[in-house]
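Shared between the two complexes below is subunit A, which pairs with subunit B and subunit C, respectively.
Coming up: the complex of A and B.
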């Protein structure tokens, strides 16, 4: 009876176990199972072995989608982290405008991908879109472009919209990191006559290591599954330049009713996210300890 | 000498502040553009996309409101968001209590599942959820949508509450146990009343996520009367030839509730979301 009472407290986790079991663990297992079949959403699912996976890694369109997804993630993570650090390092010194600017930069993160997608699609549009009109207004007509219609610029245009949305998030996390740096350290270095750049490079950057880890891991996980912006803005075009893995999943699912193949793509995405997030965590955390 | 230095340093700070304010102002231009465009007539939009509207023109809004089922979709979104927030915080806090207080193989296994859930994109489970929902008749129902969102947000809730409850001294539990309180009584009367700040932060996350999410309602709902705000915006603006007269008022209407909320609670929202990420 005593032993039983000791475990009774685990009844508390029962509702969570039921919900996660039914709508998270079981679906993942079902995805894995379906990924080895040719299930079309109705009728029977025939076992096809590794054929779906073979298709993903031999057809150039899926390999390209993997490359597009990884490249998009790389651009977003690098530029967003750098811009967030840029804003945070300045705002940390400018107490009078810090909170105002932090909130202003954060505002776009309140909006939905759907709305950000539509608004930026219009801004980029070649016919009296905002960006081309702005360039004309300041006498830079030569830079005008069909931003999301040109395969060379489309992915960067999408990445910029994504970064615009989340740079405030990154900035806020870096500012929280700055708040944890003891003021005396900066004062001491200042008295020793170090330049602002030296203090930034040798004191602030190393002490911000945990914020780097959080920002990089969070933005990577968030960006690897990018779906809404290409879905709304380009539908994967022009010429597959913005066709991400998640776009292929939805397209296989509801465009072609290839449930088995979509499942295989989902499993590839899951492995990709786990491997990348785990590797980043390991590398960044060991770097934190070294510093 | 030092007076001189500090004067020049103050000038430098002032210059830097102005520069940063201009940069931040540029970052907000797309939002200003969205609002300005929504009040322009079609002719003004074409002739002068960047200028301020000549007058405040409500025609686009009248048109959007009459065709968008806006009020209905706002009510749907609020209902779904509230249900998910209540379910997620109750189930999450309940599960977090033993995880925070006991270390056993079982609780470690659960923590592992939660960690997996935190990093798993919803695309991985979207195919089977669709299949399962169709089998058990949850497709195109509020309940199905609420359950899908609950499962998606639950790992974050468990994780969040676990670290929060760990910071509550276990002596409180012990004292109550001496008074013959059951585990559930301890949770309900001692722990739950202290969870307010964690619940507030978590509800913010859930609200942002559920209000703005597009994929689940897009795939799980077909009945127009059940659409959430983002699906209603998406259906109204359309996907082929996009007319700015439709786009901008719909974009403003879709963002308005959260933007207003942000205007009033920006400090708390930024701090909460940051704390949630750092935890």
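Coming up: the complex of A and C.
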């Protein structure tokens, strides 16, 4: 009986193990298996060995896509986290409009990617687009550009639209972090005669460490996998300047019917996401402990 | 004398018998009616292609066959149908293009079609394109043109009264339009520029298309395609466009609205846009061939789509009847008219609008090239690389044309 009780605990985790196994582990294993085949989506999958992986690492276009993905993630995570912190610290001091502004910032995240993509495509249009019209209106014609048609600016333009869409999430997480900072600390610091900047730098930033961890890890994972805005706004162009790994996967699946190759790309992306997320989590957690 | 109880029983029995007869009749009728599941990426409100009317006409002519029609967009077709085909639950009749036909038929998921009565009437180019081994799996429905949309209002304003069909005439038009402050040519990298390059390359050396697609010969160093890309450089020098500005313009949204708004004089695109552009009352336009080295220009024809029958269908006869219905010119011409398209049959009635007369003239004068991706001469995977590399080329027209063409070869090598 005691022996049964010892193993009973495993019965309770069994449903979770079944769900994880059926909906997460099995699809990943199936994808890994398909990545060694030439499967086209229908019919028989023939074994091709490591050919798909060899193609990924010997063709510059996939390495370029990897670089684009990492650079896009870097831009988005850094600017989105900084903007979210800025808005959160501002709203934390403006109690009367905090809820209204939080809702307003959150609104774009509730919109469909398709709508956001088309709206920003129109704003960035080189012909009578909103941004160029604004620049002309304030006498800055020299700054007008083909924002998503120029490889030098396209990725930044997409990153800006992405940040605009999701900065509300980051702000909400930082605001939750602010709510957990004891009021007494702030009051004590004020009595000691500290400036607002000193309180922000030496009290708020260290105590917001868990919020930084959550924000950075979540936005990194989300952005590494992104394909929606590049798909809608540029289709990876101009000439691959915004072609992320996810977009390559979609293109390989639908249009080229290379399911085996797309599976290999997915496995590479999965490993990338796991490595980056693990390293980030480890660094940020140890930083939390030090603070 | 009947008692109320016996009257009730007699009435109940007679009603039961009547009900049973009606039910038997209904079930016999339903047994006689075959329901055919049909899917297509035409037939919705945006692109009706006269399918709702044609299905109604088919059902009237074949009262024993009922059509259960579903619209599935082309992109969704890639997602929705393969699992159904693989799982043995495919629709009876499906709309498909050649890349799909090849993959599905290779997997044994399509039924070979009975060619009697229609195959011999196809044009040579189409019959060659759809024949896989000894079998034919698709009944082609339309061939659609890809050419040059020309805003005649803007051309007339600078003294030009006919759309340019040669490269020299195009350069001349560009110079005049540019001098008048009109943006001449919207040659975006994502579709219009590839159309121009492919049409000119294949027109210069049509015999090479198959060899290029199979990798037997390379694009790099190919005189015909080097020439086509050099034409693009010449066009920029003639003031037709600023490559850096137009390279990344989205050909499926921004480019269409810019041409429709009259902001550009010319734009290579597909004839499927005729209906959309015709809705702009002030836009005076024609659909012309792509300017080329020949006097006629080049008409780039795309074999769009056709009907295929699932190998797993249990309604093979009804499916055949449905497919055969569209081989009748009286029916097919309605679809072609709605689509502004050409018939795949040599004796078929075309549905091209009158404003496509310049394109028609190029076809009649033998200036036709088949779009190689629609007929599987080139692998589908190359299409995206051509769009990308042409965009890169437009962004830096000082680049060696061979750098662009070597990228095309790399994709062929990967197949």
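Heads up, the rule we're going with is that the second predicted complex is superposed on the first by the 266 of 291 C-alpha atoms of A that agree within 3 Å, B and C clash if a C-alpha of one lies under 4 Å from a C-alpha of the other, contacts with A are read in each partner's own complex, and residues count from 1 in each chain.
We take it that a residue touches a chain if its C-beta (ideal position, glycine included) is under 8 Å from a C-beta of that chain, and two chains touch if they have at least 3 such contacts.
In this text, all values refer to a predicted model and were calculated from it rather than measured experimentally.
Peer 1: State whether A:251 touches subunit B only (first), subunit C only (second), both chains, or neither.
Peer 2: second
Peer 1: Quick check on the superposed pair: does A:197 touch subunit B, subunit C, both, or neither? Answer first, second, both or neither.
Peer 2: In the superposition, A:197 touches no partner, neither subunit B nor subunit C.
Peer 1: Between subunit B (first) and subunit C (second), which, if any, makes contact with A:273: first, second, both or neither?
Peer 2: After superposition on chain A, A:273 lies in contact with subunit B alone.
Peer 1: First (subunit B), second (subunit C), both or neither: which does A:114 touch?
Peer 2: After superposition on chain A, A:114 lies in contact with subunit B alone.
Peer 1: If you stack the two complexes on chain A, which partner ends up touching A:240: first (subunit B), second (subunit C), both, or neither?
Peer 2: Once the two structures are laid over each other on A, A:240 reaches subunit C alone.
Peer 1: Between subunit B and subunit C, pick out the one touching the greater number of residues of subunit A.
Peer 2: Ranking subunit B and subunit C by residues of subunit A touched puts B first.
Peer 1: Once chain A of both complexes is superposed, is A:263 in touch with subunit B (first), subunit C (second), both, or neither?
Peer 2: first
Peer 1: For A:41, decide between first (touching subunit B), second (touching subunit C), both and neither.
Peer 2: Touch partners of A:41: subunit B and subunit C.
Peer 1: Of the two partner chains, subunit B (first) and subunit C (second), which one does A:91 touch, if any: first, second, both, or neither?
Peer 2: first
Peer 1: I'd like to know which partner A:126 touches here: subunit B for first, subunit C for second, both or neither.
Peer 2: It touches subunit C, and subunit B stays clear.
Peer 1: State which residues of subunit A lie in both footprints, the one left by subunit B and the one left by subunit C.
Peer 2: 41, 118, 121, 235, 253-254.
Peer 1: Can you list the subunit A residues touching subunit B in their complex?
Peer 2: 8-10, 12-13, 15-17, 19-20, 22-28, 30-31, 34, 41, 87, 90-91, 93-94, 96-97, 99, 101-115, 118-123, 128-130, 133-134, 137, 164, 167, 169, 172-173, 175-176, 214, 218, 221, 224-225, 227-228, 232, 235, 246, 249-250, 253-254, 259, 262-263, 266-267, 269-270, 273-274, 277
Peer 1: Quick one: in the complex, what on subunit B touches subunit A?
Peer 2: Those residues of subunit B that touch subunit A are 13, 16-17, 20-21, 23-24, 27-28, 30-31, 33-34, 45-46, 49-50, 91-92, 94-95, 97-99, 101-102, 106, 110, 113, 116-117, 119-132, 147-148, 150-151, 154-155, 158, 183-184, 187, 208, 211-215, 219, 230, 233-234, 237, 239, 242, 244, 247-248, 250-251, 254-255, 258-259, 261-262, 266-267, 269-270, 273-275, 277-278.
Peer 1: Touching subunit C in the complex: which residues of subunit A?
Peer 2: 40-44, 55, 59, 118, 121, 125-127, 146, 148-151, 154, 233-240, 251, 253-258
Peer 1: Of all residues in subunit C, which touch subunit A in the complex?
Peer 2: 75, 78-79, 82, 85-86, 99, 103-104, 106-109, 189-190, 244-250, 253-254, 258, 263, 380-381, 383-384, 387-389, 391-392, 395, 410, 414
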